[in-house]
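A, B and C are the chain letters, set down in written order, and residue numbers restart from 1 in every chain.
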Amino acid sequence: MITEYLFWFLAFVSVFGGVATILSRNPVHSVLYLILTFFAIAGHYLLLNAQFLAAVHVIVYAGAIMVLFLYVIMMLNLNRLDAEKRTLIGKVTSAVSAGLLLLVMVGVARGGSEAGEAPAESIDAGLVENLGQVLYRDFLLPFEMASVLFLGAMVGAVFLSKKELNS
Amino acid sequence: MDPIILYKIILAVVVFAVSLGVAAYMTWGERKLAAILQDRVGPDRAGPLGLLQPIADGLKMIFKEEFIPAQSNKWLFILGPSFFMLTACMTGAVVPWGSGLEIGGLYYPMQVTDINIGLLYLLGVVSIGVYGIMIGGWASNNKYAMLGALRASSQMISYEIAMGLSLIALVMTTGTLSLAEIARQQDEGLAYVVYQPLGFLIFLICAFAETNRAPFDLPESESELVGGFHTEYSSMKLGFFLFAEYINMFISSAVMATLYFGGYNFPFQHELGLEGNTLAIVQAVVLLLKIFIFIFIFMWVRWTLPRFRYDQLMNLGWKVLLPLALANIFITGLVMYFTGKLA
Amino acid sequence: MNTTAHLWDYLPILIMAIVALGFVITVMALTHAVGPRRKNAVKDDPFECGIPVQGNARTPFSIKYFLVAILFVLFDVEVIFMYPWAVNFRELGVFGLWEMFAFMGLMIIGLVYIIRRGALKWE
């Protein structure tokens, strides 16, 4: 009963945050609304009893990736809001690409609705202890591959900023 | 209303009030300690020994002019310190302040909540804390504030990694993320500082850096950046920034005492013949004493060591503490392997 | 049910947030109500040690801060990955130990690469 109210509340907050993110003029406001959305989604994870995911969502998404976003926005010297300066071609291309993305999303959502209920294996599957057991036994290879991916990302990041570092 | 919920509300208010009260008197303590170390008198006008000084300071902050620079983003300017204060107050929720009270046949643990991802909750709140400073510094539209915010945020994120890694070695020995369980384990065994001396040292240094305390106070280094990220702030908004620093210090001392120094437990506590409730209250007092020792160390260091240079700070975080924390995990793993602790 | 039992553990965090938020809002409103306000053009300028304001505060800054932020995101994710492992360390046994040594080995290679390329060098 109370979980249902909580669900609706969190759903409202996450949709509101998402809409406000794209409607805000000031990019810093957008980032803040996105953080709000992430918190609401972390709340959803808690409702599903996926505690570790909720914590990861707050630490990694809200706490790390959004800091990176804020850095980018602060770096881009945003004093005046130059949203008005876009050309017609720019508007058309962004509208078309966003429309295509929406099409894909709708397709996925419709396809997903036929999948039916997810098998409720165990209600505690999302707890850290159980997650660790699965992640480090059954999904060992993807886990180790992820570390290679991180290595690649580090090399990429250093490589991209190297030009600036040398000068 | 459910007595448990009522109790939780009361406890949340008490923990919040105690954090505020201790933080307020820490400002007095810091000034007195600085005075002693520098052979001065320190605050002595407001009340006996200057004990009313924090109240006078607080009132002054409230009655000061609320100044918002014309070129700043007004709402973000207000949001910055509010958010910083809010995150500072949230950490106290997972610290176990004592074993538990028994009132009217019901058992009430002296912890606002015992979630089984307690340590991750701590890391989460710490990682969110950066925003208060970043938003405040950026919204001020002032060069010093901007530079201070940049320094603060990149310092805090750099030390967060080493902090997270030092906790992993601890979790390997405890096998749980719940702070209440970690405190209980130290009642049965030794304090974890015995098993994790290096991990504790790394955590301590990171705690200094995360709270922006000297020698890591570059974000507000007066000689270079005037006031750093809070250059443009005045009245209670400045008060929140300064006050939250003391709350952070109090809470990180509580966390260090809980994780590494036995929490509310003290030696021979079961041999004293104390009853349940009395023991719980004594335990809370013992925890507070441990916290005060850490706070003293925080202050002692501030008035003893000079400030780091920025490159030294970054080198310490990335090239010293990060490899050391990884080495600590290696060592912990190998020691546990050779002592046959593994399944 | 078990789910709701876990959910109850998070209610006190909400209570804590409400208490703290209430305090912050009350004090902010109070200081807004009682403090004096006197504006003038010079006072509204950003503080720059008394000399006239030069240029803009929101200028682009060194890319190194940005690089530190990217590296932080990467290492943070790796650190988070290690928590479920650390909790299960005893149960996973020797196999888990080697598994994580491989993971940490790659992490150290990454760190050495970053340091060698001078990405963390501040003058």
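Assume a contact is a pair of C-beta atoms (placed from the backbone, for glycine too) under 8 Å apart; a residue touches a chain by one contact, two chains touch by 3 or more.
Keep in mind that what you see is a predicted model, and the values were worked out from it rather than measured.
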| A-B or A-C: which has the larger count of contacting C-beta pairs? | A-C
| query | Going by CA means, which chain is nearest the middle of everything shown? | reply | C
| task | Provide the C-alpha centroid distance between subunit A and subunit C, rounded to the nearest whole angstrom. | result | 16
| task | Find the geometric centre of each of subunit A and subunit B from their Cα atoms only, then give the gap between the two centres in Å, rounded to an integer. | result | 29
| said: Quick check on subunit A: which residues sit in contact with 2+ other chains? | reply: 51-52, 56, 59, 63-64, 67, 71, 74, 128
| request: Two or more other chains in contact with one residue: find those residues in subunit B. | output: 115-116, 120-121, 127, 138, 146, 150, 157, 177
| task | Any chance you could list the residues of subunit C touching two or more other chains? | result | 10, 58, 61, 65, 69, 72, 76, 80, 83, 87-88, 91-92, 107, 114, 121
| said: Quick check on the complex: what are the subunit C residues that touch subunit A? | reply: 1-4, 6-7, 10, 56, 58-61, 63-67, 69-74, 76-78, 80-81, 83-85, 87-88, 91-92, 96, 99, 102-103, 106-107, 109-110, 113-114, 117-119, 121
| Contact set on subunit B toward subunit C in their complex | 5, 8-9, 11-13, 15-16, 20, 61-67, 69-71, 78, 82, 85-86, 89-90, 92-93, 112-116, 119-121, 127, 138, 140-147, 150, 154, 157-158, 160-161, 164-165, 168-169, 171-172, 175-177, 226, 231-232, 235-237, 240, 310-311, 314-315, 318-319, 322-323, 326, 329-330, 333, 336-337, 341-343
| message | So in the complex, the part of subunit B that touches subunit A is made up of which residues? | response | 73, 76, 79, 115-117, 120-121, 123-124, 127-128, 130-131, 134-135, 138-139, 146, 150, 153, 157, 177
| Can you list the residues on subunit A that touch subunit C in the complex? | 2-3, 46-49, 51-52, 56, 59-60, 63-65, 67-68, 71-72, 74-79, 123-124, 128-129, 131-133, 135-137, 140, 143-144, 146-148, 150-151, 153-155, 157-158, 161-162, 164-165
| In the complex formed with subunit B, which residues of subunit C make contact? | 9-13, 15-17, 19-21, 23-25, 27-28, 30-32, 34-39, 43-49, 57-58, 61, 65, 68-69, 72, 75-76, 79-80, 82-83, 86-94, 97, 100-101, 104, 107-108, 111, 114-115, 120-123
